[in-house]
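When the chains are written out, they are named A, B, C and D in that same order, and each has its own residue count from 1.
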Amino acid sequence: MNFASDNAGPMHPKVLEALIAANDGTQMPYGNDTIMQDARAHLRDVFEAPEAGVYMVSTGTAANALALATYAKPWDAIFCHRTAHIEEDECGAPEFFTNGAKLTLVDGADGKMSPEALRDSILATGDKGVHGVQRGPISLTQATELGTVYTLNELKALTDIAKEFGLATHLDGARFANAQVALGCSAADMTWKAGIDVVSFGGTKNGCMMTEAVVIFDPEKAWEFELRRKRGAHLLSKHRYLSTQLQAYLADDLWLTLAEQSNTACAKLARGLRQIEGAKLLHEPDVNMIFAELPRGAHKRAMQAGAKYYLSPFDTPLDGPEDDLIACRLVCDWSKKDEDIDQLLALLR
Amino acid sequence: MNFASDNAGPMHPKVLEALIAANDGTQMPYGNDTIMQDARAHLRDVFEAPEAGVYMVSTGTAANALALATYAKPWDAIFCHRTAHIEEDECGAPEFFTNGAKLTLVDGADGKMSPEALRDSILATGDKGVHGVQRGPISLTQATELGTVYTLNELKALTDIAKEFGLATHLDGARFANAQVALGCSAADMTWKAGIDVVSFGGTKNGCMMTEAVVIFDPEKAWEFELRRKRGAHLLSKHRYLSTQLQAYLADDLWLTLAEQSNTACAKLARGLRQIEGAKLLHEPDVNMIFAELPRGAHKRAMQAGAKYYLSPFDTPLDGPEDDLIACRLVCDWSKKDEDIDQLLALLR
Amino acid sequence: MNFASDNAGPMHPKVLEALIAANDGTQMPYGNDTIMQDARAHLRDVFEAPEAGVYMVSTGTAANALALATYAKPWDAIFCHRTAHIEEDECGAPEFFTNGAKLTLVDGADGKMSPEALRDSILATGDKGVHGVQRGPISLTQATELGTVYTLNELKALTDIAKEFGLATHLDGARFANAQVALGCSAADMTWKAGIDVVSFGGTKNGCMMTEAVVIFDPEKAWEFELRRKRGAHLLSKHRYLSTQLQAYLADDLWLTLAEQSNTACAKLARGLRQIEGAKLLHEPDVNMIFAELPRGAHKRAMQAGAKYYLSPFDTPLDGPEDDLIACRLVCDWSKKDEDIDQLLALLR
Amino acid sequence: MNFASDNAGPMHPKVLEALIAANDGTQMPYGNDTIMQDARAHLRDVFEAPEAGVYMVSTGTAANALALATYAKPWDAIFCHRTAHIEEDECGAPEFFTNGAKLTLVDGADGKMSPEALRDSILATGDKGVHGVQRGPISLTQATELGTVYTLNELKALTDIAKEFGLATHLDGARFANAQVALGCSAADMTWKAGIDVVSFGGTKNGCMMTEAVVIFDPEKAWEFELRRKRGAHLLSKHRYLSTQLQAYLADDLWLTLAEQSNTACAKLARGLRQIEGAKLLHEPDVNMIFAELPRGAHKRAMQAGAKYYLSPFDTPLDGPEDDLIACRLVCDWSKKDEDIDQLLALLR
């Protein structure tokens, strides 16, 4: 009953099988393995981007920070939502990798930047000549940190503003597959066709062990990215073990199947929560993550029975008035089954 | 017939089995898995260091760069051998992670710093007040990049100089096990008992998938290291897959067994090479890596038959006078068998 | 009629005389001149801080960035007001010198942090373990960028919160003298007695050529600051020309006299503005700087007659409806005379 | 009798007069003063480079570090002579401003890189793909730190190698005028006509207070330089006081006159030293700086009579056998007169 994080889930068996298969014999190190050629080609096909740079790293933070460092100058602002992972959960990795770019926080409901807020933030930046930081890339998170998804039109509205100012756009796709499934679109639709320049394509949360690919649509940026990856100590020596995960993740659309599973499980959980008296969903859950308020008593029952998930704030005590509404985050990884959902709901009710 | 790198070798089956086992069910992310507790305790036992900080990352470069950043100020010199991995093969990662510390190159035969050269380098640094960089940590590589091993006395002679000047010492142990087996000593003997403050304890090259632990003997440095690891994007979310490798690597002294195997294979290869007319070993191979000169014709025969290894310089052409002596590096990973060695030797003869 | 900036004003004749006197003969470079000893001693007396580190640099941005880098770790938040110079006007210098600390913006009326907002910002930071940036120093600006001054009680309320969380406090005193004169207190009252740890003590805006001293009350931080200054290329070789300015600035309380002059001139200007129909002061001006709204027609008359000052936004056109209220900033440097004020007011009326 | 450094000398009276004149009235800050326009135009004329970017900073270290940061990527090597100021005397400022580029030391007699050594260093760098640092700019010092001067042919031989590899060349001209006078060539001859891309044009050591201009021949690099200067806290607010120094320094070729004076004084000193028994010049002095060995007794007499200069090593005791030869550096600033030289020689004899 672990609903704490999609990072708490296991690898899908097919990813594990791929690891086992990849372990056979020797392979040249540092990305020169034969598997990577195939995985790269496959991901280019998925993105309908035959020239794109495709590189792997072992954490989503590395994918984000390296992608941003490739697109932002040290004296740039990076525009992101106030709740972005790069702002809240990476201990300043973007600042470290960019040598001090300034994360500039943009508001908007449900974890999504509003076009007005983005435009205002851009206009308020870079109007002081050499005295202020300069306008740099926009970073969007899809699905957002609040479990919502930008529609394609919403994405386009934001990247249009970026383009109007000549700025690049990064997409933090730690839950890329979940968002794509929710929208029912293609990977190209959700990225370069919507004006995105560089993508952190995450697989770790969705059934892999550690699979984060960076997809750079402008091949001229690729070599700089490679140097930054190596210098950031993110080029794995036995790289085949990353390559094989990506290969397995893409094969037979496993990535979409797993995202579908976790989104569906989450929708079931949401339906159940809505029926609990006093419960309130804080955002409409588009993917596999719910933010809700529930009575303290419900949390207490669930947690004492072994359920794991985070309250907000983290350290909210379980002892106290049972009817107090306390916020929580519930995440369904790909492996959640109907009975897991039922079990949790039974406790929360 | 891949003798290019120990990074070209596979995982040992026991490591793979551990991965399979660890995939069962859910685990809390970011190092809070139950496996890590056990692996940390085991490594502390190995090092006879019950208070040591033990942290995992996925590359040796990350282990080195983060360890050095924890011990070096940005304005410090880091003293290392001219052939050190941190100088030659990390694309400036130590400079990046330390925010610009200066690698100061120390000479010495066979890839080992001489005490005289170290003392001279230290004395030539830090004698200019605020104008010059300051004296910072010493970084030793054990086994060295040239396949040799410092004796315990040699290590001690260097760390004594470090201590005389109040400087810390880092040990790059990408081939730690191979060196320990070669010396027949304990991990404690080769580290804190010899004056070492922080160790990059590598397992990747020796039968793991990606297993690099940093062992910090001063627990007061541990929290800073943790912050640097996260900020460097090197804290893995599904951390259990690192933990389980370390656990399996240490269990039943697998690490020592595998190092013994690769050292033994290499010794057999060295004996064979010595019998080839015109061949010359450039250093006495103490571990699993040989630098040798061989006639171009020998290289040509071997490579055309599919042998993989690096010539020096990398791009030396195979076409040319057959008797020219051309340097090469031959590395035996743990999986090399007698017949692999025999096959290569047969081609080189 | 230049009211654009106190940086537009000249040196006071006594500072110039000091430069002339200091030019006599030779002096040891890099701060080892005999004048610096005297200037340092005098500034320590002024601050009643006989052990304080006192160092000079040539820009206020350098003073701020180096002071903050000495007190903030790269992974720290630096809490500052949304309008702080370090946030808005230094092109990311604090981020550069700290290697990527995160400026965290605190609200509050009239350019002053409110204690509630500071506490909320601190609480919202550093509650995520290794995942978020950590709590770092607070940076206050006195006088503020909006021309207001924290009372001693207001300062104390903020530094009390800092101390409650174990955080240091920096004071950006680009207009230190103006604030001190406005409060009628001592330099010690406004700094270490009010809980401040490190001060950027500015003289450039107040009659010097380039005179920015950093005063560090904890002498243990001094050596690190010296290294950072040199490494930041801010240790001047012919340092006597900085030393002599500081010496002259402090002699006979010239600094307080000049601040008194510019505050008085500004108060006169404020009184005059209040009598202009349609004019509105946006904040109560405590020192030598006014933010006001005036009809476009008034601006047009003044500027066409040669007055220089900034409109907000910078690029507001002078052509347009004459009655539109347009914001502006008016700064009185020490050299402004009654007739300068009268002349400007006559045009604005 | 201060022969310690050209930084120990005063401003020339004409520079001081210019400061006095510039103090009249108000001027727009941050380089927007009217004087800078004129000074920039004049320096462009001097360099016969009508499009060049010309910017001022207050230290030579800032000029060097900012120029190098504009031309080197963080993952680049910067090739410099082993004795370069950027390597030995800037506390790692180039590493700080470039975010960790690697200074790669090139040998050569008399403080000058040899073409062979430069070529070897370049070839030994950048041949490891992504694993090693990449080839970056060359930094030459003219006059060198050992008081010698590259001939135009020698410069050309080095920049030809740089161009062969597509690398830029920086000239550290802290003693630019002294070198130019020694060569009897034009500023253009010694820079862009000899293949130089960016120059640190120093005036501080040669009669100014603090006058360091960066001349960038490629105007496309200028904006990046401006941002780096501001972010490095090196854009002075009351910039007119820099501008006016440069204006005065260039007017009527004052810069060349002063360099001629100091070179001549130094030549006289060299002639005198050669006549001292036991004295030995370590390099042929081309400009205003001598490295020599003299008997300890001579040093003792001179220093006890008040002469100031540096022994090598710095802390060599004056007590000891009088006949021991001890190295020293003697620098003549522009203000040294015949009687100063005679006085020193009389003591040393």
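One rule holds in what follows: contacts are C-beta pairs under 8 Å (C-beta built on N, C-alpha and C of every residue); 3 or more make two chains touch, one makes a residue touch a chain.
Just so it is clear, the model here is predicted, and its values are computed rather than measured.
Chemist: I want to compare two interfaces, A-C and B-C. Which one has more contacting C-beta pairs?
Modeler: A-C
Chemist: Tell me, please, which chain's centre (mean of its C-alpha atoms) is farthest from the centre of subunit D?
Modeler: A
Chemist: In angstrom, rounded to a whole number, how far apart do the mean CA points of subunit C and subunit D lie?
Modeler: Between these chains, centre-to-centre, one finds 34 Å.
Chemist: Mind checking the centre-to-centre distance between subunit A and subunit C? Centres are C-alpha means, answer in whole Å.
Modeler: 42
Chemist: Could you put a whole-Å number on the gap between the CA centroids of subunit B and subunit C?
Modeler: For subunit B versus subunit C, the centre distance works out to 51 Å.
Chemist: Residues of subunit A that touch two or more other chains: which are they?
Modeler: 30, 74-75, 90-92, 96, 99, 130-131, 227, 230-231, 235
Chemist: Can you list the subunit A residues touching subunit C in their complex?
Modeler: Touching subunit C from subunit A are residues 74-75, 88-92, 95-96, 98-103, 127-128, 130-133, 313-315.
Chemist: Looking at the complex, which residues from subunit C come into contact with subunit B?
Modeler: 30, 73-75, 99, 130-131, 134, 226-231, 235
Chemist: Would you pull the subunit C residues touching subunit D in the complex into a rising list?
Modeler: Per the touch definition, subunit C meets subunit D at residues 2, 4-5, 7-11, 16, 19-20, 23-30, 57-62, 65-66, 90-93, 96-97, 204-205, 209-210, 227, 230-238, 241, 308, 333, 335.
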